[in-house]
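Both complexes below contain chain A, partnered by chain B and then by chain C.
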Partner chain A sequence: MIIDQNKIDETIKIIKANGGHGIQKCVQCGACSAICPGVKAGFPLLCRALIKDLLNGLLEENIENSSSWGCQACNRCTEVCPQGVRPQEVVFAFRRYQANELAFSTSAVTSQMNLYETGHAVFTDPKEARRKVGLPEETPTSAFNEAAQQEIRTLMDNSPMGELGLF
Partner chain B sequence: MEQIGLYLGCNIPLKNPDIEQSFRKIFPALDVQPVDLEGAGCCPAWGTAPSFDLNTWCAISSRNITIAEEKNVDIMTGCNSCFGVLSEAKHFLETPATRTAVNNSLAKINREYKGTSDIYHVAHVLHKKIGLTKIRENLKYKLDGLKIAVQTGCHTLWPSDVYKVKEDNPYFPTMLKELCEVTGATVCHYSRLEGCCGMGGMRSTDAEKSLKLFKEKLLSIKEETNADMIVTTCSSCFMQFDMSQPILKGRGVIDFEPIPTFYYTQLLALAMGFDPQQVACISQIDRNPIIAEIQSDTRRIKEGM
Partner chain C sequence: MAKVGVYVCHCGSNIAGVIDVSAVRDFAESLPDVVIARKDLFMCSDSGQEMVKQDVRDGLVDRVVVAACTPRTHEPIFRAAIEKAGLNKYLFEMANIRDQASWVHGNDHEGATEKAKLVVASAVGKARHLQPLHDKFVDVTNAALVIGAGIGGISAALELANMGHKTYLVEKEPSIGGIMAQLDKTFPTNDCSACILTPMMVQAFNHPNIETLAYSEVADVDGYIGNFNVKVRQKQTYIDWKKCTGCGDCADKCPSKTPDLFNGSLSDRRAAYIMFPQAVPKKAVVDIEHCLNCAGRTIGTQPKINEKTGKAILAPCERACRAGAIDRSLPLDPGGTIKEIKVGSIVVTTGYQVMDKGWFKEMAPASPNVITALQLERLISATGPTGGKLLRPSDNEKPHTMTFVSCVGSRDVNFHTHCSRFCCMYMIKQARLLKEKYPDLVINMHFIDVRSAGKGYDEYYTGAREMGINFFKGKVGGLEILPGDQLRVLAYDMEAGQSIEYSSDLVILATAVELPPDATALAQKLGLQFCGNDFFRELHPKLGPVETAVAGLFIAGCCQGPKDIPDTVSQAKGAAAAAAVPLAQGRVKIEATISEIDSQKCSGCGICEPLCPYHAISMRDYTDRARGVIERHAVIEMSSCKGCGVCTSACPSAAIKLHGYEDEQIYAQIAALTA
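And now, the complex of A and B:
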C-alpha cells in the first residue's frame, strides 16, 4: 500500500470535523472489535479495522462499504477502549461522511422524510391500536401537532441535511 | 405526587400503545404522575440526524428536552434508543461551542436549551425513585415459580459516562433482574446476558446478519434457562424478540415454540392487576396462556398479607 501523507491528513480532518475526535489516540489493540456486535454479525469495517483504514488515509475507497450502517451505536466499544478513542464516534463520523456524499441505501431516505413530515422517523397510523388499548386516538406527540412539525422542519431546513435534497 | 415528563418517542405510542398504556396505569398507582410533553417528536433516531450532522442531532434532541424544561420536569423514556440519543445529546451540549451553535438554531423556533431537565429511563424511575419495596406493596398477583430471562438492551448500559443512572457493572446489569424478582418470579442467568439482540441499524441494513446474532442470543436463553417468558426494558428488543422468533420458527431454524415476550411495565401492570386488553394486547406471539397464568386466582395476593 502506498502511504500518502496528504490523504491521511485530509481523512483525519474530515473524520474529526464529523465528530470522531479521538481517532488519533488509537493503538490498534482490538479490544473494541472483540466486543462489537456489528463485527460479530459480519460487518467487517467497524472499530479497529475501520480506524486502521482511516489512519492510512483510505476514505473514498470505502465510501460504498455498508458496515458503518450496521453499527448499533451500542457503545460497547467506547466503554472498553483503553485509549479513550470513543470508536462509535469515529464510526458515526465516517457514516456522516458517507451520508453527506449520499452514499447510503435508498431505504434510509424514508425515515428522513417521515421525520420531516411528521416529526417521527417511524410513522404508522396509530389510531386503531390506540383506541383498542383505551388511549386517545391521537398521540400527544408531533404526529398530530402542526406547530411542532413546523418547528422540526425549520431545524432540518436550516441544517446541512437540508442541502441534500432528501425532503 | 411527584411529576415526570413522559417522553414517548415513536414506536411505543404509534406501534405498541399497550406499552404506553402500561406506563399510564402503573406510575400513578406508584405515586409518580407522568405529564405529557406536547409536541415532542422523534429523539431523533440513530439513522436520521445523528447519521448526518452532530449539531442537527443535538438541535432536534434539545428541542424535545426544552419541552420538559418549560414544565420544570425531568424526562422519563421507555425506549432505550431515545434514552441513549437524548443522553448523548445532553452530554455533547456540555461543550460550550456545541451549546452555542445549537441555541442559535433553536432561536429560530423561539426555544433555548438550558440543561435543567435530566434524562431517565422508565427502569431507573422504577428502581431508583419508586423502589422495590413500594412496587412489592402494590402487587395483586405473585409470580412465584415462573421463570424469566431478562434483556436490558444496549442503550441504558453503554457508554456509562453519559448516563445519569448507571449499573454497577454494565456488562452484568442487575436492575431489570431485581425489578423482575420483586414479583416473586425467578430470573435465570444465561451466558449471552449482555449480548445485542440485533435490532436497530443492523436489522434495517442486513436482516440476515441481524437474525444470526438474534438466534445466538435466543438459543442461549432457551438452552440455558428454558424461561417461561422474556422480559425487556427496551422497546426495540421487544420488537425483535416478538417479531423474529416466529420468523425463525417458520424457517425451521428453531424447533421450540416462540417464548412470550413482555416489556417490563406490561409484566408489572399485569402483576398489579390491570386489564391485559389495555396493557398487553399487541404482539405477534400468543401471550394469552402466560397472561392467564400470571393473573390466575391461585396467584392472587390476599389483602392484609
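And now, the complex of A and C:
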C-alpha cells in the first residue's frame, strides 16, 4: 500500500462533502463492526474496515465494492460509536460517491427502480396473500395510487438521483 | 511468672474460612502461663482492640499474643493499643496464622488448624520471655539535600524550602533545569516549556532557603536518617563564578568546537560555553577535555611574554573576559573542590536519558535524517540550532514527508521491557505543532498502540487525527537509506491488513527512557536499590512510592520510573513532604529491636564489622585503666542498626544481643514448635 497524502486529502474531502463529516474522528476501535448486521452477514468492507480504507485514501480502489450496499441503515453503529464518527453517515457518504460515479451494485439498481415505479424499494405483489386473509387486495400506499407514484417520480427526477439517468 | 493473654482473630473468613478458630483458642488456653484466651471476628477493630486493652487494664494479662495476620501491617496497631492500656509495647507478640496457615493451606482445613496451633504455641513460648524495651531518639539536622535539579528536583527543593527547611540543590550540569529546559512546548496545553520552567529555576536559585550547587556531584554519603554527612564535589569550572557575568564573550572567542549536547549534537558549542541562553545560574565553564590551551596557556602555567610589547600572551578566552573571571595561570585543581554538608533527609531526582539511535541497526542510524524525538525538540525550539525552523539535518531542506516511530527500545525484551509512558504524547505533541505550522507537511505516525492516559490527553490525541495527521497501528519494522538521504519506511497497517512502504524525508525515533549510566555509582553511594536493571526501587510500589529501603532517603521523577511532567512534579512534591517529616519532628525514633554489644564478652575479633549491611558497626580502642591495657571492641551505631541480626548470629563470643530476639526467646519458640 502506498500512502499518498493527496489521495487521502481528496478522499476525506469527498466523504465529508457527501455527509460523512465525522470520518477523521475514528480511532479504529471496532465497536461499529462488532454491532453491524452487515458485517455478521459477511460483507467485508463495512464500518471500521471501510473507514480505515478511506482514511488511507483508498476511494477509487473500492468503487466496485458492494459491501456498502449491505448497510441496512439500522444506525446501531452511530449509537455505539465512542468518538461521534456516525459511521453510517460515512457508509452512506461512500454510497453517494459510488452512485455519483454510477457504481451501483445490481441489487441497488433493482431497488431504485422499484422505488421509482411503485414508491417501495422492496416490492412484491401483495394481492394474493391479502385476499387469503380477507383483506382488501390493494394496500393503501403508493403502490396502488397513481397520483402518489407520480409525486414520487417527480421528486426523484428532480433529485441528484434523477441526474444519474437511471430512470 | 508471665500472665499471657492470647487473642485469636477470625479475620472474617480469611482465617476462619479455613482454620477452626475455636479449636485454636481452646488449645491456647492449655498452654503454660496462658491466663486468658479469647477470639473475635476482627481483632484489629475497635472492639477487638478494646478487649485486649480491658484485660491489660484489669491486670489480668501482662504479655499479649494476637494470632491474626502479618506483623508488617498490624503489629504497630496492637503495640499502640497495649501501650495505651499501660503495658510496655514490646511485651507483644504476633502469631501470623493467616499468611502462614490459612492462606497457604486453604485446601487442608485440619492441617491448617494444627499448624495454627503450633504457630500460636511458638508465639506464646516467646511471649513468656519477653522483656520491656524502650525506644530511643536522636536529634535531626534541619536541612535537606535534593540531588538533580530538573523539574522534579526544583519542585521538591521549592517545597522543602517553602516549609522553612534549608535545602541544598545539587546539579551535575552547569545550569539547573534538566531535560525540560530542552523541550519546545508541553502537552496537552502546548505551554512553552521554557516559559513555565524558567521562572521556577529563578525562584529556586534565588530562594533564601535554597543553596544551589550547580556543576556538582555527590561524591560520598554516610550517616543515617536525620544525620547524613554528604561530600559534594563542585566540578572545576576554570572560570571564577564569583566574577563571571554570563556575558558569553569567552564562548564567542573560543575557537574549539565540540558537539552541543544540549542541542542533541545537532550543532556545535565552544569549549568555553554557557549551557543555554536561559541558564540558571548564567555562568560560563571551560570544558577542559575540548580546550585547545590556546597560546600554550595550559592551566597553572605562566604566560609567555611578547618580546616586542613586553606584555603577557593570553588565551582568547582570557582576553575576551572583561570581568577578569578567567585566569589560566592559577593552579586550579581539575578535581574541583569538595564541600561537606550535613542534612537530615535526601531526595533523589536524577531523572533519565533517552536511548541513542545507534542501538537500533534496523532503523538506519547512519542516516543524519533519522533522529531521536529529543533531537526534534531542539529542531523545533526557537532556541535550537535552526531557530525553530524544521530543517532536516542532511541538507537543511524543509521535509515534505516525515515519520514518527514509537516504542523504539521500549516494550522490547532486547532492550527495555517497560513502556516509556510519555512518548506517545510527546510524539503527538510534536506532530500537532508541526502540522499547525506547516499544513502541507505529511505526517505519518506508527504506533503499537496509542497510550494517552491522562487528563485531556486522549482529547489531544483524537484532535490530532482531525488535524489530518495519519495514524497507523503497527510498529515500523525497519528503515532503509535511499539515494538523496531519503528513507524507505517499512511499515504495516494492522487495521487495513496491508503492508506500507513509502519514502520519508525525516524519521523521528521515540527511543526508550532509561537511567543514565552514572545512576549506578550514585545508587551505590546512597544505598538505593534497582527494580531489575531499569529504575530506582521505591519502598512499596503502591503505598511507599517515594520512600526507599533507606530511611530518610526518598526518590521522585523519572529515576523512579518513566513519567511526564505533571506526574513528576506531583511525585516530587510528595517526596518533599515525606522528606520534611523527620526535619519537622526534630528527632527520629530508633526502634528498640536493635543489636547491642556486651563489651565484657567482645573479644575484638572484628568478624561482625564487615558483615553489617548498614555499616553500623565500627571497631574502637578502649583503655582499660584497671588492667593498664588497650582493648579493642566492636561498637554499634544504634541509629544505623536495623536489627537484622546478622552480627548476632555471627559473633563467636555470643557477645551481641538482638533485643526482642534473645536466645532464650528463640529457644522457647523452637521448643514449642518441636514439642
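Just so we're on the same page, the second predicted complex is superposed on the first by the 163 of 167 C-alpha atoms of A that agree within 3 Å, B and C clash if a C-alpha of one lies under 4 Å from a C-alpha of the other, contacts with A are read in each partner's own complex, and residues count from 1 in each chain.
The working rule: a contact is a pair of C-beta atoms (placed from the backbone, for glycine too) under 8 Å apart; a residue touches a chain by one contact, two chains touch by 3 or more.
Here the structure is a predicted model, which means the values were calculated and not measured.
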{"item": "Chain C versus chain B on the shared chain A, clash or fit after superposition", "value": "fit"}
{"item": "Partner chain in contact with A:105 - chain B first, chain C second, else both or neither", "value": "first"}
{"item": "Touched partner set for A:62, first chain B, second chain C, both or neither", "value": "neither"}
{"item": "Partner chain in contact with A:53 - chain B first, chain C second, else both or neither", "value": "second"}
{"item": "Touching partner for A:9 - first (chain B), second (chain C), both, neither", "value": "second"}
{"item": "Chain B versus chain C as contact partner of A:25, first or second or both or neither", "value": "second"}
{"item": "Chain A-centred angle between chain C and chain B, computed on Cα centres after superposition, in steps of 10 °", "value": "100"}
{"item": "Chain A residues touched by each partner, larger count belonging to chain B or chain C", "value": "B"}
{"item": "Shortest CA-CA distance between chain B and chain C [superposed frame, angstrom]", "value": "21"}
{"item": "On chain A, the residue positions that both chain B and chain C contact, one per complex", "value": "none"}
{"item": "Contact set on chain C toward chain A in their complex", "value": "401, 442, 444, 450, 462, 465-466, 468, 470, 473, 493, 495-496, 498-502"}
{"item": "Contacting residues of chain B [partner chain A, same complex]", "value": "8, 10-11, 13-18, 20-21, 24, 36-42, 44-56, 59-60, 63, 84, 105-106, 108-109, 111, 154-155, 157-160, 170, 195-196, 198, 200-202, 204-206, 209-210, 212-213, 277-279, 281-282"}
{"item": "Touching residues (chain side chain A, partner chain C) in the complex", "value": "1-3, 5, 8-9, 12, 24-28, 48-49, 52-53, 55-56, 83"}
{"item": "Of chain A, residues touching chain B in the complex", "value": "18-19, 37-38, 40-43, 66, 69-76, 78-79, 86, 88, 92, 95-96, 99-100, 104-105, 107-108, 111-112, 115, 118-124, 126, 129-130, 132-135, 139-143, 145, 147-149, 151-152, 154-156, 158-161, 164"}
